[in-house]
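Chain nomenclature is as follows: A, B, C and D, assigned in order of appearance, with residue numbering initiated at 1 for each chain independently.
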Amino acid sequence: MAGNTLGDLFRITTWGESHGEAVGVTIDGAPAGIPFTEIHVQAWLDRRKPGGGKISTSRKEPDTATILSGTFEGKTTGTPITIVVENQDAHSGSYVDIKDLYRPGHGDITYDKKYGIRDYRGGGRASARETVGRVAAAALACEILKPLGVSILAATVELGGVRAEKRAYEKMGENPYLCPDAEAAEAMDARVDAVRREGDSLGGVVEIIADGVPAGLGEPVFEKLDAALAGALMGIGAVKGVEIGAGFDAARMTGSENNDPIIPEGFSSNHAGGVLAGISNGAPLVMRVAVKPIPSITREQVTLNTKGEPATIRTRGRHDVSAIPRVNVVCEAMVALVLADHFLRQRAVKWTR
Amino acid sequence: MAGNTLGDLFRITTWGESHGEAVGVTIDGAPAGIPFTEIHVQAWLDRRKPGGGKISTSRKEPDTATILSGTFEGKTTGTPITIVVENQDAHSGSYVDIKDLYRPGHGDITYDKKYGIRDYRGGGRASARETVGRVAAAALACEILKPLGVSILAATVELGGVRAEKRAYEKMGENPYLCPDAEAAEAMDARVDAVRREGDSLGGVVEIIADGVPAGLGEPVFEKLDAALAGALMGIGAVKGVEIGAGFDAARMTGSENNDPIIPEGFSSNHAGGVLAGISNGAPLVMRVAVKPIPSITREQVTLNTKGEPATIRTRGRHDVSAIPRVNVVCEAMVALVLADHFLRQRAVKWTR
Amino acid sequence: MAGNTLGDLFRITTWGESHGEAVGVTIDGAPAGIPFTEIHVQAWLDRRKPGGGKISTSRKEPDTATILSGTFEGKTTGTPITIVVENQDAHSGSYVDIKDLYRPGHGDITYDKKYGIRDYRGGGRASARETVGRVAAAALACEILKPLGVSILAATVELGGVRAEKRAYEKMGENPYLCPDAEAAEAMDARVDAVRREGDSLGGVVEIIADGVPAGLGEPVFEKLDAALAGALMGIGAVKGVEIGAGFDAARMTGSENNDPIIPEGFSSNHAGGVLAGISNGAPLVMRVAVKPIPSITREQVTLNTKGEPATIRTRGRHDVSAIPRVNVVCEAMVALVLADHFLRQRAVKWTR
Amino acid sequence: MAGNTLGDLFRITTWGESHGEAVGVTIDGAPAGIPFTEIHVQAWLDRRKPGGGKISTSRKEPDTATILSGTFEGKTTGTPITIVVENQDAHSGSYVDIKDLYRPGHGDITYDKKYGIRDYRGGGRASARETVGRVAAAALACEILKPLGVSILAATVELGGVRAEKRAYEKMGENPYLCPDAEAAEAMDARVDAVRREGDSLGGVVEIIADGVPAGLGEPVFEKLDAALAGALMGIGAVKGVEIGAGFDAARMTGSENNDPIIPEGFSSNHAGGVLAGISNGAPLVMRVAVKPIPSITREQVTLNTKGEPATIRTRGRHDVSAIPRVNVVCEAMVALVLADHFLRQRAVKWTR
């Protein structure tokens, strides 16, 4: 099957191109009777909007969601839910001059190789705008997870080489970078300023924590919970690496350092990041993703045109300096979608006569 | 569905427990007419065997494969192929004394939480022995990929904190660690010696390179080639992190540093690791995985018994010091399985009237 | 997964309720480069409209399709295609008086049992209006099949007990019943008249013929072509039986009567209906479905209310006397959707180095 | 994906050829903790054996099942269960003389068209022997359904044109045809005698009844319970038609005749056959399948050889006169497999906070 569907029981299919009529999502498999309206969706979409500040574009994306099906009198009915968000403020015209050029770091060249045809307007399907559908669906995933006490949070723990040393999550919202370390946030601010002036862009690291996940989720051996999460997070456009728990640091530990002692309260450390043998162990899930710098930069770059001839390209217009912090809510969304699916899957197989 | 199946068109289901009757795999979706016999399988199984040396166990695993179905006169017929490997030399008895204890770092506790029942003998389904099925299936995946010119190689680039600086792949086989840097291999040797004496274990980093992958493989947006690879690699027992191309280093680059210029010959760098927007770009695929230290150590550890009471545990018998280098062939297998599947998927949708 | 998705490689998900905002379909897996616009869709939707005449309702369904995604400059791009049709002329008000009653022969009672909640307006998701999405998707399936020379036709071969003896397909369009026997069509007309006056409804048999289907389609053993077709056709609301080739008559033949002799031109008879061992054999596919009488009748019926108390019900308003002939295009659609999927599947596995 | 897998949550993959090493099944998704041993499997396999009498072959199929994985101490563990049955008494030699001929009514010609290669020994994968895997898996499906009170029974209601008028199920076992009408069974006996002497074969109709199925199973709109059952039953080799409830007779009824009045005890008739709008309604499921006559007959038939040249063929050796009654247990198996899957699916989505 083609790759626009995620999940097995809680299953979403996103659709839509950056400059097409609309973007959206079709959700199938949600249990019936869950309170769910456009208000739930809008709260998530609003968090995805350009935050203003120095780091984001000024493309206005009002992004008003309409639920076309699957709810009745404010509740899900068990039938498929389609959510649509119309595209507006999309200046397709501004892309015409690059329609015959492959932008480095983008999917222009690979889409052409794969499909032999490409909607070049604003990246088409490969645009980050596609994530509107994911975020809208996550609003419902969270309503499924909420009664379990699950909460999910994505924090910027590194940007442009500046690392957050603290984890003061409660103060994350006080800076535009969603950074849990106020001092680091200031240093990030300076870094963003400098790089913006140079017409360049930045990457970083986002840490996602899911609290309250019950033990027992995850399907060994190929659909382990961490494998599903890694696949989902690596499926975000800018992500080039995923780790769980101690992650790459675990590679440098000994077994006696890395093993989490088991105690009556749970575990006395969490190097495992909440997953053992692919199944959640009741400790918080802790993941980090590497976000590459945005490939659209105003500096001149070497490339080819669609005829295969050497050319140079320089991205016009205003672009985000980093996918962070707008990608953070997408990280949360992907984790929510995976957890909701695995929660339903576990309900199916847990044997309770 | 339960999680023992990988792939969409080239689809494998592994089955079997460490100390059950047998382990094996059922493969469905292989094209007909591919030369495939037990000889192909055996070559892969042999690479998975304990290598001897200082790092591996002495469990004898003759691991003789029998193909029960799906081939005729030495070729695949398009019908499902089941390969079985009997379990031998499995001393279940030695596990009885830990059947009521949860081994830290293992899935004992999570299997109990998930299923309420557990085959405790040798880790049961969570044992690395399950990978026999993956490796056997990879033998066929590679026969599908071979005509395309794809070759896959997994090298140990870090072990116990010792990093390989060189990439002399042609000499990898000359040391027991599959390390492409002879000097580093010697330092690894010393590190293994020391840690073994301490009754402890080591982790490391494996780098997997797939050469000759045609451009156009991968299904955006959720089944991107890198997402599928990340999910597959994170689905290996000991893996706690996956990165592609520059990976976490990309998070510290600027866009102008990270973007790979496009030139007539391809790309003048490969920070992307062979994938753009989820689709292969014709450059080599480059991935690295973080392998955690083996949790079974002879040092005493704090844990609970199955009644939830505090206890201590000390793993008896001889265990591997590291999952490396035996996990390397499993990494190659997972990459081969994903590529074969995506190759078939691309054949289905490429429109050529 | 929930049941709103059909197909493996050519995969559609329909969504929408009879009296919700809209109905539609999301198609994933279509090859890129296929000419496809709203004009293709509209042609199919128009065939689904109430034909007027004595047999259909007067609900006006302009049913204007909008393609929201997945095409660019009149061609498919390989990305998901969402087609939406707004609901109009839907008098929800008229359903309020039966919202607390279970209509016999309808899904009211089973939806309540399954989901505990139900959009009672016009049958909600169980309405025949859901087939708008199927028919819209079939327009694309047919564009995939067209280059192969496949043509599909659904003829009314029985209505209210009146059987068509002739198969003058070219004259089918000359009567409102899509009956290939003009004389039978007249008898059907009289039968419809009589039954309408009695406030009752009729069933019948639709025969679907798919010509030009290449040999080799179908995946043994569970996704045989005939099994897939049977599942798809039985998935149409009013269908209670499906047969292929000689069907139930085959049960009364001997082997020597039923076997189709193989000759250089193909087969000298077609009792198999174009499928042997689940794989198409190059002969025309011939299927017949039993269509039950529409359950909405103006005669008084015995039922329960949603509290479980005995009640009577009498459907008001004007209803179709039979699902035939409006269901015919839906039958064609289901066959087209299955064939397009199996055609892509066969492309994936046919080994041609 | 290839077609050897059935089910979504309770998922089986059968494998094996008639004259290969073995046939078997891999089951994934069974809940943990269900008592299940080879004894359960053997009981089902024994019912599948040639019954002797006038109608079946004398091929000895001891069919001893071995469970290779997925159980521990007599219970399922939630991991995949592989069951293997070795092939014995298979005289491949006797098939060599027909390896270059296409047997009419068999899949020889279509397998060649599809795959370009074929295991001609005994029909290979297309042999009824493949159903060993289905029947073995059904043994487990029934253990899942048993606590619900579900019972499934397949009765021969027509053979060679002789119809059973009575439904004395309790006496079915007293005749070799599993016919619930003793008089009809005697007439069947005479018919079988006559046809056997003529070197010909017979078809018939099997009725399957599933009692105790809870209301609420089935996923609209494409995976309706009746659609899933129709697909599963049509996926049995010899089946050419499937109907549910009144089936094709419903096409001749009026709505007032066909609608089942709803009463406090359930329904006062069962023309629907236990399914409304694709969801079980609590009444017994009633299905009938048309079984074609066995194509292997000793009479001479017209065919082609694999070079496409005209030829004649005459099946040697002793063959069953009809797939009935050996196919009956396969019908039961398919129904059990579908119900177990849909039962687990319903557990996943039923919202009970």
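Note that contacts are C-beta pairs under 8 Å (C-beta built on N, C-alpha and C of every residue); 3 or more make two chains touch, one makes a residue touch a chain.
Computed from a predicted model, the values in this text were never measured in an experiment.
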Contact-richer chain pair (by C-beta pairs counted) among A-D and C-D: C-D
Chain whose average C-alpha position is farthest from chain D's own: A
Chain centre separation (chain A, chain C; CA means) in Å: 39
Centre distance in Å when chain C and chain D are each reduced to the mean of their C-alpha atoms: 26
Separation of mean Cα positions, chain D and chain A [Å, integer]: 46
Set of chain C residues in contact with two or more other chains: 1-2, 4-5, 8-9, 14, 29, 32-33, 78-79, 114, 116, 125, 220, 349-351
Interface residues, chain B side, partner chain C - complex: 9, 29-34, 78-79, 147, 220, 344-345, 347-351, 353
Footprint of chain B on chain A - complex, ascending: 1-6, 8, 14, 102, 104-107, 109-111, 113-114, 116, 125-126, 130, 158, 160-161, 195, 198, 200-205, 215-224, 226-235, 237, 240-264, 268, 271-273, 275-282, 290-297, 299, 301-304, 308, 310, 345-346, 349-351
Residue numbers on chain A that touch chain C, as the complex places them: 1-2, 4-5, 8-9, 11, 13-17, 20-24, 26, 28-29, 32-33, 66-70, 72, 75-82, 84, 114-119, 124-125
